[in-house]
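Presented sequentially are two complexes of chain A, the first with chain B as partner and the second with chain C.
And then the complex of A and B:
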């Protein structure tokens, strides 16, 4: 990084991208931020929307709902994807086929998955009918139009992405590290926890952040497979109806800004936690 | 871990499907020995090492230390972490997320040794490999030579009963390689255990080993001391690997044995050569040729470029057409042709005047020529 100076050519090349970002991303964000601090068409800056947000028990319940859906889904994705990625690190039989089936949910789109789930997990879906016929259940309740419907659908959508990211990371770990660890007397599980897992950590964090942010902004699944008006009323839905049913764009902006803030806080907590764990794991045996 | 007296491999075989990468490998390694597996890439030397380490299991045969079976190609298989062998990889395989100290302490910390013992032992080996002051650095902050030292220290600290070295010097530059070679031997001597070293570099093998195992396509070609394999290669492959660059087809004309010296007269491409050797010195070749030291037997006649000199001697004189010369400082490498199909490489006095495309008189002393059995090796 010797030459930090900007030449005219460099500036000219970067300009279109910067303009694009300003027009489609930065300006709308600042506009929304500004709206969230105003009421109606008045221009006066006020915290009223935020005070209302924190005093509104429905909104507080909405925040809670969103977290209760997105955090477990993200954790479940990571907890399942880590061992599978580890298992697949040196390639598996019929890998292309397996990968193909794993990737299908990514390509189908939320709506198709939701419709499939309605016919499968619904009160009159195959699953409930089979369970009833086999005598496992006496009353068909269905796994959709409630919390579980949303969780299952989000998991189906987020798992392939989490797994893809983690496979990339496990394959980046040189196989000789694992062999070295075994030869130094570490058991398979010690090798995993002391060598593989810490080296997968950056991938786990990225997968966590991407999956969490996408799960946190859940909208379609919450409506199609949940009870958007009560148990699965999530923040994105709340922002939507505030804007398009109550026409309160200012408060809707506040909800959106709060979504951003909550996501940042959670990601911040995860990074802080990692720093603590990482240090602990690498200082074993130090005097 | 109990130190062993002998590591024994009996009829060790390893196949991957139909690919037989190791065939009937037999070898006994004694405590204190430094053994080298030498051969070109694909000869099975690394596979043999991985089988011994337990990173691969063998297809058939037995690996045992004293009377403890480690792998019999079937039910008995001792996993690598329970064998108490240390390994050093070509790419070092240091843990990138751990400091030098933690890398070296790894084997002790997974064995749950007390902290003060870890501290003491790690400090000792850090001194041994001259890495004082580098304890808190990460591998990426070290030079190649320092990384190599960490890899050595990491294996040595666990006091392995066998040290396995998989081409550990091939990522270093020439000067460092020679230094580290010397240090490796010092460490081996200090440990008083056995070491197995895998390499394709014959000079490393000669410099380090008590015993060299030369391999080709999964089969052992010759086992012997550096002197044995260097002076008395068992076949064409070993001879070529050990620097006998001139290998010619020849026929035995006459054999005469007097005063413990065997004098063999051979003919190669119409030129008569005389070969002198001490009877009983080269057992492998003698056994292979036993009973066939007679007139008319097809053999191979081999010599090293260094043993050929310019001029005319008492025996074995030829004239070659010079095709190229290379000035090497201490000698001059001459590539030429004695007859059609009889190329020659010689290293002669560097000050000799050699005209390109001209002719040169060359001579080989009779005791520097060797006769090899002419059999197609597998």
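And then the complex of A and C:
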């Protein structure tokens, strides 16, 4: 019944968007790949940029910094979002209000939140004053212009995204599965670990990947809330500074490509681990 | 369903995390507001000594606010209009037609939403500088269109899918042309989806930082780039003045966000990405 050929209509309506993305989205990647294998304006193919990348201790430290920032944030987001998404699976009271508050940081964007954090998390900000008054700390030290500022800002941005994806999954699990498990005598925690959690697994993986890639390519908050030149020098900043301050577009492209490759490697490791640990429960189980 | 409301482990985490999260986000936003209207905030005090508009005047004299707002609106409106022209027909084909290579194209449409902007922003900026489009309005619009086109396709697609196939056959049989089918039937039927795609995209483009930052120049700065530049500019800028600029940005974004919430939830796209795989 259905015709799988390209009609004139199909081509005329879908190709403008496809061509646009090929030119401004795919081509720049190919261009960057080409740049990363050359030096200056010469056309000869060389691995010099990649050798330089792996021999440069500053760049290696940058990779390490980026991982140290992004991996804990991603894990924390997932660990907190899984029980919360589970709790919200059948809807909650005041759900609109809760969603609204969670959406605000995503909507306002990283710049505004980071700017606000400078005052709020600063040495004389409200958080420090409250903690001091409550006796948790003796001396006020700001949580900005260091590692923690970047981590907090990333968490604020990535938590709603991870939670939203996971809620989509817990809501897709049919309530009758849970009822059946309880009726057959499983306890609440057994039901969670044996029924719900495996069904959430695909969602957890997707949430992990999306949160990890966005945390790994941290840029704005590393500059605004960290020390981008030293302790929070991250890969995106390194690529940016190489291109825009040293005008070394070839090496900047190399860093960009390496950034994408490292993300792929880590995602690959996570999927490999999942395959080892969870065999079988791969269906989403929508009732 | 549950007969006894005992607070479970997941319930405790839900309340603790959400309360901490919300209090801190609220604190961040409120301290920006208070600081912008305060004259001076002594170290270790809960509130500024006195309130006034001093820093607002300072902000107005150091920024061409009219130009900033105008540029922000201009970039947003052009980006959204051009994106919808590309996205709507593409979403229609992806929802209603089957063709060779559909899965590949589907992947292409999904990628810009999944890949973080800085990853493709840096290579894109390099290319735009090479063809002398960077720092121009066209360059800024092109960069912002990349994620917006993809995002719009994802938002509109389910709305078009809901329109039954027989509606199209019926309209054809009754003699409507293709154009008439679109203007008289499909667009009115999917109007809520179209509006939510447009509103959500407007909010996104206004607060999207990295892409605009990488390709904009002095004349094509938008509000969010100016805000970032103020914080990181060499030379001292009083934080109160930056807060005043942040409040302006906040008001613009929140008003648009409230309007967009009327049309649809910004999270729908993320739950869709999750469900697709």
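Keep in mind that, in the parts below, the second predicted complex is superposed on the first by the 258 of 287 C-alpha atoms of A that agree within 3 Å, B and C clash if a C-alpha of one lies under 4 Å from a C-alpha of the other, contacts with A are read in each partner's own complex, and residues count from 1 in each chain.
The rule is simple: contacts are C-beta pairs under 8 Å (C-beta built on N, C-alpha and C of every residue); 3 or more make two chains touch, one makes a residue touch a chain.
Source: prediction; values computed, not measured.
Visitor: A:14 in the overlay: touching chain B, chain C, both, or neither? Say first, second, both or neither.
Guide: Only chain C; A:14 stays clear of chain B.
Visitor: Scan A:69 for contacts with chain B and chain C and give back first, second, both or neither.
Guide: A:69 sits against neither chain B nor chain C.
Visitor: Could you figure out whether chain B or chain C reaches more residues of chain A?
Guide: Looking at chain B versus chain C, the one contacting more residues of chain A is C.
Visitor: After the superposition on A, what does A:184 contact: first (chain B), second (chain C), both or neither?
Guide: The answer is first: A:184 touches chain B but not chain C.
Visitor: So, does A:118 touch the first partner chain B, the second partner chain C, both, or neither?
Guide: Touch status of A:118: second partner only.
Visitor: Report for A:168: first if it touches chain B alone, second if chain C alone, otherwise both or neither.
Guide: second
Visitor: Tell me which partner A:195 touches in the superposition: chain B (first), chain C (second), both or neither.
Guide: The first partner, chain B, only.
Visitor: Quick check for you: in the superposed arrangement, does A:78 touch first (chain B), second (chain C), both or neither?
Guide: In the superposed model, A:78 contacts neither chain B nor chain C.
Visitor: Using the superposition on chain A as set up above, list the residues of chain A that contact both chain B and chain C.
Guide: Common to the two interfaces on chain A: residues 284.
Visitor: Would you mind writing out the residues of chain A in touch with chain B in their complex?
Guide: Spelled out, the residues of chain A in touch with chain B are 174, 176-177, 179-187, 190, 194-195, 198-199, 278, 282-287.
Visitor: Looking at the complex, which residues from chain C come into contact with chain A?
Guide: Contacts found on chain C: 1, 8-11, 13-14, 17-18, 21-22, 24-29, 31-32, 35, 41, 43-46, 86-87, 89-90, 92-94, 97-100, 105, 108-109, 111-112, 114-116, 118-120, 122-127, 142-143, 145-146, 149-150, 153, 178, 203, 207-210, 214, 224, 227-228, 231-232, 239, 242-243, 246, 249-250, 253-254, 257, 261, 265-267, 270-275, 277.
Visitor: Okay, in this complex, where on chain B does chain A touch?
Guide: Answer in residue numbers: 53, 55, 79-81, 84-87, 89, 91, 93-99, 101-102, 105-111, 115-116, 118-119, 154-155, 158, 164.
Visitor: Taking the complex as given, what residues does chain A use to touch chain C?
Guide: Those in contact with chain C are residues 2-7, 9-10, 12-14, 16-18, 20-22, 24-29, 31-32, 35, 80, 83-84, 86-88, 90, 92, 98-121, 123-127, 129, 140, 156, 159-161, 164-169, 172, 175, 188, 202-203, 206-207, 210, 213-214, 216-217, 219-220, 223-224, 236, 239-240, 243, 249, 252-253, 256, 259-260, 284.
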